[in-house]
């Protein structure tokens, strides 16, 4: 980079549009805490997953037809006739799942290490906005193949908006562009599915800007004391992120090449039939906990509010968590409740996957109640009453060998 | 801690797959398909036999709309053999000079035509039931080819008789009842390669054929997978060693 | 104790390991890019229609049929003896794009041509024009009974696609 920046022509251009010196400042010399662990890899992995989805999505859209009569056939044509079409389709479908795996791990890191606390509240909010945009994008993307789950999932979820008092049914018709999910719906979902990822890019830029402004949190959760707490991003975190990307790609390749349909639902290989509802409508796995929360409340509007509230409440997290200590490393009580929350989310996932019958009903309700209790009651209480472990003096001190 | 989190994540998405929707149907026994496993491939001889079963038995009621006759070259038929098979089928042609519809012999670029002109005709010929197109049956049902084989060869039991509603009992069919009478019986087709056409044999062969019909790129996918994963293991290993080397003198 | 402040990281000598890792990654990236480029090449269903077979038996003497091949019209004309004689009697000096009739056909009685005017791409009309061949109404090009340009703005004769006789009454185009 130094060699490049010494070149006359490069300096001429950089003087007028500082692309290279900006890149040098923000990607190479940029100070990062020296003690970041592998939980900090998930941010760059999320970026990789986003790029993967956009690139595969663009090439798939060269072959896909967004018309109700032709969509399913066009996807089969991609799988059978388009050169490497099967590979691109499976990359995109499994890529969506891996994007959520990585983002959920990234959020879990934030929850555990208190990355949402001051002064990173806006960074946290931007992340939540990205999550919401991802969920919208994924939902609409799943409709596009126009299989049974595509159609009926769209029907169930768009019908939720009818719960809004007075204007609800009108909004649903407006969303559908008709009196039921149909061709009009498919076309507009295609348009928006293509658009939203670029909106996500915009929010990611803001997210990274907010991050660079305050610098990363770290596993100890303590503020940096001085330059000795940092190392330059390049080469230390570039190589570490590259290694993490390698591991990610291996796991991705295992699913892509050997288990390509395991995270999906077989019913989506049946063309959409508006006259025949599948026995069990389930969303993709990454929506299951929210689906469980939705179904846990018997009232339609209540269920919708609870589902939205499940993410909405996360915006308040920096204030609900009253502890002054960021990292769970030094919060023995919080650490265990974090674990319980993770178990609760898995339980919610199973509840969402199963039909709302038998013991799944009370289990889903208890798990939903616990989720909100964790954030609204437990977190404030733990923050007030917990005795944290003593914090180290600085980031550098515990790691520098005397 | 991260390990615990990761295992929950793994559990979370592997779980729902295993959380089978409660139904009346039995879980079909796992078969040892040639296309199973990391190195799985199709057995071309089996696929050709399966094609004979499809054409001789299933094609009377079930379409195969996503398979073009030219696709059969991938399972070992020559261009001339494909043309000859296609010529046995009639498809819609272009309107004649009076604007009236015509028909013509199928060409290799045509797909297998459906035995019925539309769904209503299909239902009328089958007591109201609609025989589904089979192109994707091996991917659109839980347990895929295991399910197809179990349904055909195991689920009906001996000497199946229709119940009072005209439906047959089949423990592998979701709901337990199926409108299709047992389609396979001993020597229903005469295999060109002389294999004994038992019900079990025909069912295995047609199940494998239908798996190919649903996923013709399976072999390319798996062979690419081995190469990609081996490459990635090497590259990731090199990245790890590079990382350790670069970080060797950094206190962290 | 080593001093580790911002910027003073280890001198990264171009170690073989780093170069090798970078090279392996680059090769992987190049191989990974190929499917994204190849997916734009004609797909299997398009290639399946890249050659068509035409049955000549229903074409009466003196008539032509037009078939679609690779999205383009192809004229298949069953020529009369007069068509053939006229075509062969034309001196080469009279032709803007000199070609003998023999060069343009496999069997004299069957003329197979791409029916796209070599001027600006319109489809010429059969049995019209001053040369007992084709006439393009767009800008007035006249083609003779061998499909060669005789008058008008077109620079070249009507193109002959690659074709062969698979038997006496069937040709394969493309």
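For clarity, chains are labelled A, B and C in written order, and residue numbers in each chain start from 1.
We adopt the following convention: contacts are C-beta pairs under 8 Å (C-beta built on N, C-alpha and C of every residue); 3 or more make two chains touch, one makes a residue touch a chain.
Because the structure is predicted, anything quoted here is derived from the model rather than measured.
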{"item": "Distance-maximising chain from chain A - centres being C-alpha averages", "value": "C"}
{"item": "Among all chain pairs, the one with the most C-beta contacts", "value": "A-B"}
{"item": "Averaged-CA centre spacing for the pair chain B and chain A, given as whole angstrom", "value": "34"}
{"item": "Whole-Å gap separating chain B and chain C, where each centre is the average of the chain's CA atoms", "value": "38"}
{"item": "Rounded Å distance, chain A centre to chain C centre (Cα mean)", "value": "49"}
{"item": "Where chain B touches two or more other chains, by residue", "value": "232, 235, 239, 242, 246, 250-251"}
{"item": "Residues of chain C whose C-beta touches two or more other chains", "value": "4, 9, 12, 25, 45"}
{"item": "Contacts with two or more other chains, residues of chain A listed in rising order", "value": "34, 80, 87, 231, 235-236, 242, 400-401"}
{"item": "Partner chain B, residues of chain A touching it in the complex", "value": "34-35, 37-39, 76, 79-80, 86-87, 90, 97, 101, 104-105, 108, 112, 231, 235-236, 239-240, 242-243, 246-247, 249-250, 253-254, 256-258, 260-263, 266-270, 279-280, 282, 285-286, 288, 328, 335, 339, 342-343, 345-346, 349-350, 352-355, 357, 396, 399-401"}
{"item": "Chain C contact footprint on chain A (complex, rising order)", "value": "29, 31, 34, 55, 59, 62-63, 77, 80-85, 87-88, 227-228, 230-232, 235-236, 242, 400-401"}
{"item": "Sites on chain C touched by chain A in the complex", "value": "1, 4-7, 9, 12, 25, 35-36, 38-41, 43-46"}
{"item": "Interfacial residue positions of chain B with respect to chain C in the complex", "value": "68, 70, 107-109, 231-232, 234-235, 238-239, 241-242, 245-246, 249-251"}
{"item": "Touching residues on chain C, where the partner in the complex is chain B", "value": "2, 4, 9-10, 12, 15, 17-18, 20-21, 24-25, 28, 45, 48-49, 53"}
